[in-house]
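Once you scroll down, you'll see the structures, which are given as C-alpha cells.
Both complexes shown next keep chain A, but they swap its partner, so chain B is in the first and chain C is in the second.
Presenting the complex of A and B:
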C-alpha cells in the first residue's frame, strides 16, 4: 500500500506542476468571466444559462485535464521507458496501475476543486445580481451536478489507464480515449433512438447492427448517466436512488477497468 | 557462490505483422558470482540490454531460466536486492531529486530518516547536493545520469546492475562513477556492468563476457588483460619462425601474433638475454607497445571473426 501511495504522490506532483494546467485553468476562468459578462443578455433564463455554462466549463476543463495531462502521466512512462526504473523497485504491476490511477484521480480532483470554487463564486455573484431569475435554483443540485462531473472524469481517467496498459504510445492512448469518450456521451441517445418508433421506419438498420450497438452500449461507459445539468439548471428533483445508481455504476466501471488493466499489465513485456 | 545464473536463455522479438522476427538473445548462459564485478560487452544489438531486462523481469525469456541465489526469478524477490541504472535514464521532469529519492526509499521499504541520511550521503558523493531541490528537467545529461545512480543505490542494494553508467558523463563525472564502482566493489557488492567504454570494463571487471548477435562468444578473467606494466616490456617484432619463438620463450619471454609480426612480453629481469638473442638473430624490432593485449583489440578481432 505504501508503494501505491508513493507512486500516486509522484504522479500527482508530476501532473499538478505541468504547465498545461495553467492554460486549462485560464481557459476555464475565461469561460466563467464570459458567463458573468453575457449573463445579462438572457434575463429570464439567466439562472439556467449560468448553471449550464458553469457545468460546461467544468466539463470542458476536466476533459482537457484528462486528455492533455492525464494521458501523459502514465503513457509517457511507457513511451520514455521511465517504467523500467520504476518497476526495478519492489512494485508489482498491479500496484503500478492503482498507484498511477490514484495519482491521476487526485490530480483531477484537486484541479477541478479549484475550478469548482471559482464556479461557485460566479454562480453566487450572478445569483446576487439577478435573484429574481434564479427561481428553482438549488445549491444542492448544483453541487451534485459538479460532483458527477468529477465522477465522469474519474471514469475517463480509468479508461486512459486501461488504454495505456495495452498500448506503447501516448498518441494511441489519446486517440482510443477520445473515441471512447465520444461514443460514451452519445451511446445513450443512439440506443434510445433505435428503440423508438422512429427507427422502425428506417430500413437500413439491420437486426445485426442493432445487436452490435446493444453489445457496445454495455461495454462503453454511458457518460450520460453522470450528466445532471438538466436537473441542476431547472431545479428538478434528484432522487437518492439515481445518485446511488450513477455513483455505483461509475465505481464498478472504474474497478473493472483497473482490474482488467492490472491483469493485462502484469502479462505485458517492456522492451 | 552464484548470485545470478543465466541458463540457456533465448529471446526473440516480434516487431509486428509482416516483419521478420529478431533473435535478440540466443542460448545465452553465464553466471555472476557474489561480490564480483561482471562486465557484459558486445556491439550494439548484441542482446546486452535484453539480458538485463530479462533479469529485472521486464521481459520474459522464450526459453531457459534465470536463477537468483538458486531460485527462479518468479519466486525470488530480486527487486529488493537490486539497484538498476538504465542507459539514458528518463526521470520525471517536474519532480526534484529529493522527491525522486523519497519515492525510491518509500517503495524500497525505508523509513524517512534512513532516506534522508542515505540520500544526503549519495548526493554529496555524486556532487548533486546543490541541485537537490531543482526540477529534474533542468538537469544536464550527466547530472541525470548521476541522479539515476543515486536512485539505483539509495536502498543499499547487494546487486547493482549498471547499463552504460558512463554514458553522457564528462571526464570528471566518469572518474566519480569509476571511484564509486570501486567503492561498491570494496563493500562486497555484486556488480553487473554493461559498457562500450572498454577501458573502464577492463579496469573494473573481475570477469568479462563478450556477446555478439545474442550469443556468448568468450569469457575472460580480468587478469587476462592486466599486466604489471612497470616491470614488463612489450616489443613488436618482425615475424618469428617456430624455432625463434621457442628460443624467446626459453629465455623467459612470451610471444603472440600481432598483425604481420609478433608481440613479445619480456620481464625486466629477462630483458638483456632476450635482447641479445634478438640482435644476434637479426630480428627486427618494429616498435614497442604499452600492453600485451587490449580488450578493444580482442573485441574488434572477435566480432570481425564472427561476422565473417
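Presenting the complex of A and C:
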C-alpha cells in the first residue's frame, strides 16, 4: 500500500509541474471572465447562463487536463522506457497501475478544485450583480454538478490508464480515449433517439445494429449520467437516489477498468 | 542596407496586409448581407453534436437569434417570411436543447406573436414549455393572451388564463380576468388589463416602448367606448359617427390614435381605428386588432 501511495505522490508532483497546466488554468480563467461579460447579453435567465458556462468551462478544462497531462503522465514511462527502472523496484504491476491512477486522480482533483474556487467567485460575483435573475439558483445543486464533473473525469482518467496499459504509444492512447469520450457523451442521446423514433414509426431497426448499440452502451460509460447541468442551472430537485446511482456507476466502472488494466498489464512484455 | 531590407519588406507586407484586411472585411459584409439567413441544425442532431454541452449550445444559439434580429432592426431592415421561419425554428431548437430556459419563451412571445404575426407558432413553443416549466405562470398567461388578443379565441384564452391564475406568484386579478374573458372578450378594457400586466413584466426597452404605444392606443379606445356606453344608455341608440359624441358633449374631443389612424364605429357598436394599431399593417396581414368591416 505504501508503495502505491509513493507512486501516486510522484505522479501527482510530476503532473503539477507540467507547464501545460498554466495554459489550461489561463484558458479556464478566460472562460470565467468571458462569462461575466456575456451574462449581461441575456434578458432573464442570467443564472442559467452563468451555471451553464461555468460547468462547461470546468468540463473543458478537465478534458484538457486528462488528455494533455493525464495521458502524458501515464504513457511517459513506457515511451521513455523508464518503466524498466520503476518495475525493478519492489512494486507489483497491479500496484503500479493503481498508483498511477491515484496520482492522476489526485492531480485532476487538485487542479479542478482550484478552478472550482474561481468558478464559485464568478458565480458569486454575478449573483451579486444580477440578484433578480438568479431565481432558481441553488448553491447545493451547483456544488453537486461540480462534484460530478470531477467524477466524470475520474472515469475518463481510468479509461486513459486502461488504454495505456494495452497500447505502446501515447498517441494511440490519446486517440482511443478521445473516441471513448465522444461515444460516451453521446451514447445516451443515440439510444433514446433510436428507441423513440423507431418505436414511434413502428419501423424495425436491423437486429445487428441494435445488438451493436446495446454492446457499446454496456462497454462505454454513459457520461450523461454525470451531467447535472440542467438541475444546477434551473434549481431543479436532485433526488439522493440519482446521486447514489450516478456515483456508484462511476466508482464501479473505474474499479472494473483498473482491475482489467492490472490484469493485462501484469502479462504484458516490454522490450 | 542588408540589415534594413528584411525590416523594410516586413513593413511593406504589413501595409499590404492592412489594405487587404479592410477589403476582406468589407467584402465579407457584402457576402453576409446577400446570403440567406441560415439553417438551424435540428435539435435531434445538435443535442448529440453538443457533446454534453447542450446548455451552453442553447445559450449560444439564443444569442445568435438575438444578434440576428438586433442586426436587422439596427439597419432598419424588415424581416421577411424566411427570416421569421428561421427565428421560429431556431427558438424551437433552443427550447429542445434546454426546455427550462426562460429567455426563448419571452422572445417567442415578444417577437413571433407581436412582430411576426405568428401567434400560433409562439403558442406552440409556449405550450411545449409548459410541460417543463410547470411552476411558471407566465407561459400559460402569454398563451392565453395570444389566444385572446391575436386569435380572438376567448374560450381557449380564458382556459389558459385560469390555468395561469392557479400557479404560484401569479397576479391576483388573473382569476377574475379569466372568468370575465368569456363574457367581455371583445372589449378594449380587458385588453388594457392584459397590456398593463405585460408592461409590468417586461424589461426589454424596445418591447416596453411598443407596449406603451399600444397601451396608449387602447386607453384612447377605452375612453371612446365608455363615452359610447353612456351615449347608448341616455339616448337609447348608437351615434352615427363618433364625432356625434363630441358634438353632444359626451367627449371633449376624440383622443388621438398614436398609430396615426382615424377612429370609426361599427354597426354592432364596436370602436375601431383605421390604423388597426399597427405600424405597418401590410407586413403583418395576420394581425387584426379590431374586427374589420
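Please note the rule applied: the second predicted complex is superposed on the first by the 261 of 271 C-alpha atoms of A that agree within 3 Å, B and C clash if a C-alpha of one lies under 4 Å from a C-alpha of the other, contacts with A are read in each partner's own complex, and residues count from 1 in each chain.
Heads up, the rule we're going with is that a residue touches a chain if its C-beta (ideal position, glycine included) is under 8 Å from a C-beta of that chain, and two chains touch if they have at least 3 such contacts.
Fair warning: this is a prediction, and the values are worked out from it, not measured in the lab.
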So, does A:2 touch the first partner chain B, the second partner chain C, both, or neither? first
Does chain B (first) or chain C (second) touch A:189, or do both, or does neither?
second
_So in the superposed three-chain picture, is A:269 touching just chain B, just chain C, both, or none of them (first/second/both/neither)?_
first
With both complexes superposed on chain A, which partner does A:14 reach: first (chain B), second (chain C), both or neither?
first
Taking the superposition on A as described, I'd like to know which of chain B and chain C A:227 touches: first, second, both or neither. second
* Applying the touch criterion given at the start, work out whether A:85 contacts chain B, chain C, both or neither, answering first, second, both or neither. => first
Just to be sure I read the superposition right, which of the two partners does A:59 touch: chain B = first, chain C = second, or both, or neither? second
Chain A positions within both the chain B interface and the chain C interface are none
Given the complex, residues on chain C that touch chain A span 44, 47-48, 51-56, 58-59, 62-63, 66, 98, 100-103, 106-107, 203-204
The residues of chain A that touch chain C in their complex are 38, 41-45, 48-49, 51-53, 55-56, 59, 182, 185-186, 189-190, 193, 223-224, 227, 229-230, 233-234, 236
Interface with chain B, chain A side, in the complex: residues 2-3, 5-7, 9-10, 13-14, 17-18, 80-82, 84-85, 87-91, 269-271
In the complex, the residues of chain B that touch chain A are 13, 50, 53, 56-60, 77, 79-80, 82-84, 86, 89-95, 99-100, 102-104, 106-109, 135, 148, 151-152
